[in-house]
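Order of writing sets the labels: A, B, C and D. Residues in every chain begin at 1.
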Amino acid sequence: MAAITTEEFNRLAIDHLPFMDLMNVEVDAIEKEFAVLRANCDEKSLRPGGTVAGPVMMGLADAAFYAIVLANIGMVSLAVTTNLTINFLRKPGPGDVYCRATLLKLGKRLAVCEGLIYTEELGIEKPVAHVTGTYSIPPS
Amino acid sequence: MAAITTEEFNRLAIDHLPFMDLMNVEVDAIEKEFAVLRANCDEKSLRPGGTVAGPVMMGLADAAFYAIVLANIGMVSLAVTTNLTINFLRKPGPGDVYCRATLLKLGKRLAVCEGLIYTEELGIEKPVAHVTGTYSIPPS
Amino acid sequence: MAAITTEEFNRLAIDHLPFMDLMNVEVDAIEKEFAVLRANCDEKSLRPGGTVAGPVMMGLADAAFYAIVLANIGMVSLAVTTNLTINFLRKPGPGDVYCRATLLKLGKRLAVCEGLIYTEELGIEKPVAHVTGTYSIPPS
Amino acid sequence: MAAITTEEFNRLAIDHLPFMDLMNVEVDAIEKEFAVLRANCDEKSLRPGGTVAGPVMMGLADAAFYAIVLANIGMVSLAVTTNLTINFLRKPGPGDVYCRATLLKLGKRLAVCEGLIYTEELGIEKPVAHVTGTYSIPPS
């Protein structure tokens, strides 16, 4: 079972991740094994042609990584991203984008996360971006 | 001399980078050798404690990379980011953050950019983040 | 069906990847969907305690990415790595390490690869490293 | 003054970095502010056309990062690389390659390093690769 509920994460996000609100990011699921977050894309999130802007995907991934880390270590708000690498793969059409985040490793001091960003149109088999990131976990 | 002016970039950004507006990003300088962009941070850009949110820095770097690439190849709006890696180094205090972007390489098909993100308080010698990114340049 | 055979790749590697020989890297499988390469680790590949050295894993991944790219585009020896990101996850015990490489995207100009590095002892479910990399494909 | 001497690093490398010997990597300078290591390239390190193989550059950077970290924290052999990102920029001609490593940040738990890989022929102003990497520092 996840160490936090979606409600708890949403409350935390209001304080800690104002960016989620700015980018219309919402939680679809938080489990111990994975988290799925969604960016509701409007015209502010788009590039011309209807493509979702890169920074929206980066922010979405960062939030999804925070969610999967907290789902495993509990409400440790001071866990911070130390690095993030994103590869853009395909241009999404207009519409919401999703990030499915999993843990590659959960150590005492570092958690390494992987995220696939995808759309309903293309499906997760043809992801629009791939992201890895590391969170530093403060001593308890 | 830069292949685009700050005015031309700003006009392009209105169409192509709505994210710049969302994040209050402005251009300080666009030269052939470097570009400096600034994110005017308000409470929406912050994490608790006044730290600037990671996604703001990623979006700022992405915009700065776009600027330095166009400063060298001209108004090629379809140049797209193919990947970006950010290392977070220090927690900035409240206030604006700057990204100074330079080109590590300008090829026919790929441009590789480096960015230092810094604040006035800490100075560029103690950057708050380091970013590398690649832009794919479409065939002319 | 893969666009190259293991034999063809091995012949190419003799000319193009002398590093494979230096690091005792061998091909286990080359399919269109994935490639598996193995580094036969001896004392030269190890750090004290029997841990496989990081550069061996990076070289192994680079070779595996080359294999999966050629399995899809054919014998284009001038495809070159443009970037590579590796996250080290767990310390492998002594013994061979494997890299299972897949394609995240195959474009006309860029191929983006993902690799999981693992050992028999821990299994692929507990990978020792995760790697992403991009190959630039020359115009045909 | 650096917290280790070149001699001490070389002795450590014999035990901890057998890869340095395999790749003919030698130390040119270890200072507190920077370290310069050199890979003496022979035919085993080359791709056809005389280009230095990517994995040699990755191994060189990894060793140079280890050197600059130890130059600042002293003889902590268990500092380990947690991630590394390399961007290949230009094809070096035949000949030795150098890596000049500096610290972007030295924290209590993490050190973030930057390296420029260059040749005498092209000079450091036209680097052949750019590398960032993170070392995890064990609790003392």
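Convention: a contact is a pair of C-beta atoms (placed from the backbone, for glycine too) under 8 Å apart; a residue touches a chain by one contact, two chains touch by 3 or more.
Predicted model only: the values in this text are computed from it and were never measured.
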item	value
Distance-maximising chain from chain D - centres being C-alpha averages	A
Pair joined by the larger number of C-beta contacts - B-D, A-D	B-D
Distance between chain centroids, defined by C-alpha means - chain C, chain D (Å)	22
Where chain A and chain D are represented by their mean Cα positions, the distance between them in whole Å	33
Inter-centroid spacing, chain D versus chain B (mean Cα positions, whole Å)	28
Shared-contact residues (touching 2 or more other chains) in chain D	82-83, 85, 87, 134
Pairwise touch network: line, ring, star, complete, or other	complete
Chain C-touching residues of chain A, taken from the complex the two chains share	85, 87, 89-90, 104-105, 112, 114, 127, 130, 132, 134
Sites on chain A touched by chain B in the complex	15-19, 21-23, 43-48, 53-56, 58-59, 62, 77, 80-88, 91
Interface residues, chain A side, partner chain D - complex	82-83, 85, 109-110, 134, 136
